[in-house]
Amino acid sequence: MRTRRHPQRGTVAGALPDAGSLAERFVAVRARTEALAKPLSPEDCALQSMPDASPVKWHLAHTTWFFETFVLERHQARFRPFDPAFRVLFNSYYHAVGDRHPRPERGLVSRPDLANVLAYRAHVDHAMHSLLDGLDPASPAAALVELGVHHEQQHQELVLTDLKHLFSRNPQRPAYRPSWPLASVRPARAKWLTHAGGVVEIGHAGGTFAFDNESPRHEVLVAPFEIATHPVTHGDFLAFIEDGGYRRPELWLSAGWDTVCAEGWEAPLYWERRDGEWRTFTLHGMAPVDPGTPACHVSFYEAEAFARWAGARLPTEAEWEVAAAGGKIEGNFLESGAFHPLPPRGEPDPGRPAQLFGDVWEWTRSDYSPYPGFRVAEGAVGEYNGKFMCGQYVLRGGSCATPASHIRPTYRNFFPPQARWQFSGLRLARDA
Amino acid sequence: MRTRRHPQRGTVAGALPDAGSLAERFVAVRARTEALAKPLSPEDCALQSMPDASPVKWHLAHTTWFFETFVLERHQARFRPFDPAFRVLFNSYYHAVGDRHPRPERGLVSRPDLANVLAYRAHVDHAMHSLLDGLDPASPAAALVELGVHHEQQHQELVLTDLKHLFSRNPQRPAYRPSWPLASVRPARAKWLTHAGGVVEIGHAGGTFAFDNESPRHEVLVAPFEIATHPVTHGDFLAFIEDGGYRRPELWLSAGWDTVCAEGWEAPLYWERRDGEWRTFTLHGMAPVDPGTPACHVSFYEAEAFARWAGARLPTEAEWEVAAAGGKIEGNFLESGAFHPLPPRGEPDPGRPAQLFGDVWEWTRSDYSPYPGFRVAEGAVGEYNGKFMCGQYVLRGGSCATPASHIRPTYRNFFPPQARWQFSGLRLARDA
Amino acid sequence: MRTRRHPQRGTVAGALPDAGSLAERFVAVRARTEALAKPLSPEDCALQSMPDASPVKWHLAHTTWFFETFVLERHQARFRPFDPAFRVLFNSYYHAVGDRHPRPERGLVSRPDLANVLAYRAHVDHAMHSLLDGLDPASPAAALVELGVHHEQQHQELVLTDLKHLFSRNPQRPAYRPSWPLASVRPARAKWLTHAGGVVEIGHAGGTFAFDNESPRHEVLVAPFEIATHPVTHGDFLAFIEDGGYRRPELWLSAGWDTVCAEGWEAPLYWERRDGEWRTFTLHGMAPVDPGTPACHVSFYEAEAFARWAGARLPTEAEWEVAAAGGKIEGNFLESGAFHPLPPRGEPDPGRPAQLFGDVWEWTRSDYSPYPGFRVAEGAVGEYNGKFMCGQYVLRGGSCATPASHIRPTYRNFFPPQARWQFSGLRLARDA
Amino acid sequence: MRTRRHPQRGTVAGALPDAGSLAERFVAVRARTEALAKPLSPEDCALQSMPDASPVKWHLAHTTWFFETFVLERHQARFRPFDPAFRVLFNSYYHAVGDRHPRPERGLVSRPDLANVLAYRAHVDHAMHSLLDGLDPASPAAALVELGVHHEQQHQELVLTDLKHLFSRNPQRPAYRPSWPLASVRPARAKWLTHAGGVVEIGHAGGTFAFDNESPRHEVLVAPFEIATHPVTHGDFLAFIEDGGYRRPELWLSAGWDTVCAEGWEAPLYWERRDGEWRTFTLHGMAPVDPGTPACHVSFYEAEAFARWAGARLPTEAEWEVAAAGGKIEGNFLESGAFHPLPPRGEPDPGRPAQLFGDVWEWTRSDYSPYPGFRVAEGAVGEYNGKFMCGQYVLRGGSCATPASHIRPTYRNFFPPQARWQFSGLRLARDA
């Protein structure tokens, strides 16, 4: 019997619990971002490897800018900016706030240096602590802090994925965390689960925090379908490659095939073949591709082609959400310190999909579009989600780089169909 | 009272009725394609103005290639190709057929010349006539001929839109049909029609020809909505421009705004401002922008931004289709010879949307994706539609360049969100 | 003994003698341009295969524009333009004349069509005949006509090279002149000729027509050198290729090697290897590479790398000119109708280089820069040459596409170092 | 009387004398490179602002790699590399050494970090000290050390120019050295000096170090000419701008005008107009453009256009060299700490050009090509100069960023005609 390995889990330094009061969660989230950056040199934090990715230093500063601009500037008495130039320098994409430093040039800014950005964080944290002290949890300011906390969790994931991309461009393939002790586990085999379909509800029901793009909760008619118990594994993907998957245009969407040809794709991102064996770059350095782990760093195009090859299809986001409804939010998240998808652990609940949360984001066949009745919020925060609802596809479930408290069954992540640098995989579905 | 004009309709030379037996329709469609090319010089037919567009000569040849490759090669006894090189040269995108001449280089092929391509048409027509004589209408061959007839109608529209783009790049702005007699008509004002929503059926019900992407007919849950009686007009669009529509990022999708900035868009395609007045290029040469006609040559981005500015939204394709269900398919089609959107004629049926068909394709908010249960056909014709279901948006209703017999309420056209060279406009919708 | 072939020479239709009075030469040159276009269809004449090349129709019109704009407009009583739009449309690069239609869009202009451009030629020719009748040969107008005649000869060569490039992009590889009867001749072997160097004079001495870039005649100090009796042959170049010439960076200039890698060069332009044998595209269709003919369609980079590989170097333009001084201007020119470099004919004069003129332009190691004391002429014609004196290299001697009466020992042609679509080859030199 | 300012000169930290034994000069040059980097953070040293520029950290490492690869690897007993990966990572362009990390990706390498690169320097310096101890000054190893010392001086200049470019891309425009105390000086006015021409000698005569591209010394025939006593000043250039210099195509080379239009040039690099006044970015931050200082950061195109506007021309490199022959090598070099061109100091020698050395490199009209009889050295160091002899123009005299001991009258610097980020200016010449 073939065995697989699982990691001996550690904790990420500084990973305080994300639960508790808003003030406690603010402290915990801020601390974890800095803990993620702790092993990094000033150079590691300053570089930008492609326009889609940002330097770690920029993430450290931009998440701070979010609190300074949207909370302190509006709600702090006698507010004075830490540095007026930061208003432009660390504005990501909010036209309503004013000018923005061009995204592709985020890696050209050596000053402020890392120490100065950490001082910026300390300064804003200090002011936030005063403001949070006695803040009415039902106030608009509290809602903005809540948004900022979840915003910063999103950037924690990007710190890891952007750094991974940067390190992958270094010919020495450095490791973010050198050691990665793994133990053997049994493999799982995906089975089909049937869902009867019908008029179902999806979207966020309120009561707790959610992003605006998850609302309003609404009814949708779903035809009967089947969904796999487990994500597609690296072993499955190796079979696709060996069957000529990257050389057969009939398996691909037209735009996908164009991308395969233009980019010379032969395997998922970060894979390298040496002496006939596939290896992949991880945050622990180069490692063999483990067939028992969920397939990762594939684009929507590759996910869609794989599904066609397998005689199946990607689920819609509605299918995914009804399959996920009512389940426990458990899995291999950022807190495990694995920073890589892992094999399933333990026995899944019978009749329920496993590994829905954590490990890898799962591409759906749904383009990222507004739910019926969706309204963009007034003002700058209205730019948070709505304006990106074009040309992107929805991913669900979070990944090994997502904080555990950040994910929900209704959570809608989204990326363009060619994006591969996130921990993105897939789960198969088919008509019942 | 302000008056508008409408054209004195003529007939397009060679516009035989599209109805009748398959053989009759084959003859009529083939004849009309050549009639469309008749006023053109060999040079007019040979040039390619951008990779998205093709030379008229290529359209003449490719539609012929379709019959030769998919019908004659398989079903004609003792088939011999007119020219073996044409199999590659005029293959558009069918990987299963073999190699393809690169699309951006279609304008580098001076030989075969126009006369030779017309001889190719005559040769294939002759063989087709023999084959059609006595063909079982229920045979696979007949189904392929039927597909080829509708395929050629699609290319008739592209002949006009691609030629219009080519002529627009000529500094002399030549006219395809110089004279355009217009008479005055009254303007119409759009009102809202309400639809109660519920579980409705969309998609093609069978019985007559439809493309595979219109199937299967299926149920979908639609929330109550309102839809405008008329398309947005050029007058409406002028108000959008005058209100700074092209200078206000808050109105735009992020990708749309990036395109506005990168391309320097200030108005729909083909518009030119001279001495404070907007003029537009038409197939009859430069003409003033007529406020009473449907807005045209706008991208999905512009349609979406306009709708936001107007406090409304684009309809989904399901909303559009249920609003259109049961209506008469009348309008300003290719046969009118206007080759330009026109003001509404006569009084619309009370309680029904007007100008749904013809004049301008109407952008919907729906990305072009497979209907539940959609299956791609086996073999090369399976490449017809399915592989393009990514990164495009659905348009409905046909345009002034669409043959009347080509359009249906279930018809799904699709283009990328930045495309503007089709006769594309919009109709507003909103939540009820 | 290996034998080579030479063509049975014909005459180019319409190739009247270029000698005689200015009026006679005007007529002859104008007629030959049209004769060159005679075998071509309107489509052949309309297409543009790359920004560096122009459609034949454009050449027909631009050479006419030159006479209309620089001669008739200034010197004809009651001048009226044939079409005012042509002033912009067919202006190549003369800022002083006003706006110019963008060069990369010359292939987007289907109208005026070929017939209209030929009418334009006839119209201007008619006016020119009147003006030439009784024109003072010493007048400024006569000087401009003279310039226009030589200008049109330059474009005759470009008609052939641009058309060749266009046809090469057609997968059917059409032939401009199908038949090319060749006979066997003996091969020649290049030897070294020694020149003692010293202070020599180069540049045009006056008395006959020359372009401004050939002046002033001036002294230059030349070190003793040796120069080859014959150009490098295709056989020589095959040896270079077989010795890994295109795979050895140490043979190349840095910019040349970058180009080899970026463009994937493995052989001169138009070469194709099939079944182990090299073939090349000619104006007579595909043909085997003939080892006995001068190497052709190589860039400056390839010429320079070949010379290094051969233990030699390119001559400077001064060396070339002193080697050529006093020789007869004979060779394989446009008039031969071969339109391809040929093996040497007959025995060369002892002690003199052979094939200096015709067959292939010969790259020199000299950048194209102003001679000491060079002055740009006043007005628009001052833009003829001077403003291009940067980033280009000098070629000497004319080619098989150059009219015989067009070339001189002092003639300076120039192209960027990566250009390959001219009939460009090389002759070796070395320090004595 | 208008007054100008000059700086109170300081010394650059670590600027030991460059004179002395080879070992002493090695120590001095190595120390100065590190002194130049001393005020910089690890982030400052890691970033790359464009493919033409390199990170400071890369310069620190590559100059070390030069000694390790060309000296230690060949001449040290029991040589072991500091890190085998550095052989590829810090190879600039030597194909003969093996693979090279791609130049545009030098800014994607966060590891080795700055501390590690400084350790690399210390390690190699230690080994070099042992090797230099008792090294025969006439040995091949000593010649390579000498080359390495001059090589490192070249990179000292690039440290400053590349850093300046990087800082200019930071919206906060940081200063490398904040304070720049300036005092008033009198302006100078350029006059013409006449040279009789004739057969002169240029090139390096031997006896001291020179790069291979300065050899062999050879005769050249120079026509009588005049050359200006001083470089063109910023005041002169302001007059050119105010006279529409950047808007008049007739002043420009064709390739220059294309660049002006494509890049939107309106002034030299680093200039910004605010409230009608021109300011420029310097290594001391933003500063007003000082009319009395030599014009700087202009391309060959701008230099050439300015000269045409001024009714003059650029000198050839031979003219420049004979004008410079026999003069003292004095000027505003790197050691002054000004890092910016300055007004002339004191009275120039009558009849001799002033400010030939230091302040700004002076563009000549000469393309960078091999001197007659030039031979590329065997092996990897042969790639030092020869392979770049194409498409570049020669600059002479050194700049305010050049070490004083690095420059010679025969020194040939070279850059492409569009390059502007060096301290490049011009001096006028004209025919006598």
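Things to note:
Per-chain numbering from 1; labels A, B, C and D assigned in written order.
Heads up, the rule we're going with is that a contact is a pair of C-beta atoms (placed from the backbone, for glycine too) under 8 Å apart; a residue touches a chain by one contact, two chains touch by 3 or more.
Everything quoted here is computed from the prediction, not taken from an experiment.
Traced through touching neighbours, the fewest hops from subunit B to subunit D number 2. For the pair subunit C and subunit D, the fraction of shared interface numbers is greater than half, so the two copies use mostly the same residues to meet. Taking each chain's centre as the mean of its C-alpha atoms, subunit A lies 47 Å from subunit D.
Remark: subunit A and subunit B have CA centroids separated by 39 Å (rounded to whole angstrom). Pairwise, the chains that touch each other are A-B, A-D, B-C, C-D.
Interface of subunit A with subunit D (complex): residues 41-47, 49, 57, 85, 88-89, 101, 105, 107-111, 113-114, 166-167, 169-172, 174. Put simply, subunit B touches subunit A in their complex at residues 93, 95-96, 199, 218-221, 223, 249-250, 252-257, 300-301, 304, 365-367, 369-370, 372-373, 383, 387-391, 417, 431.
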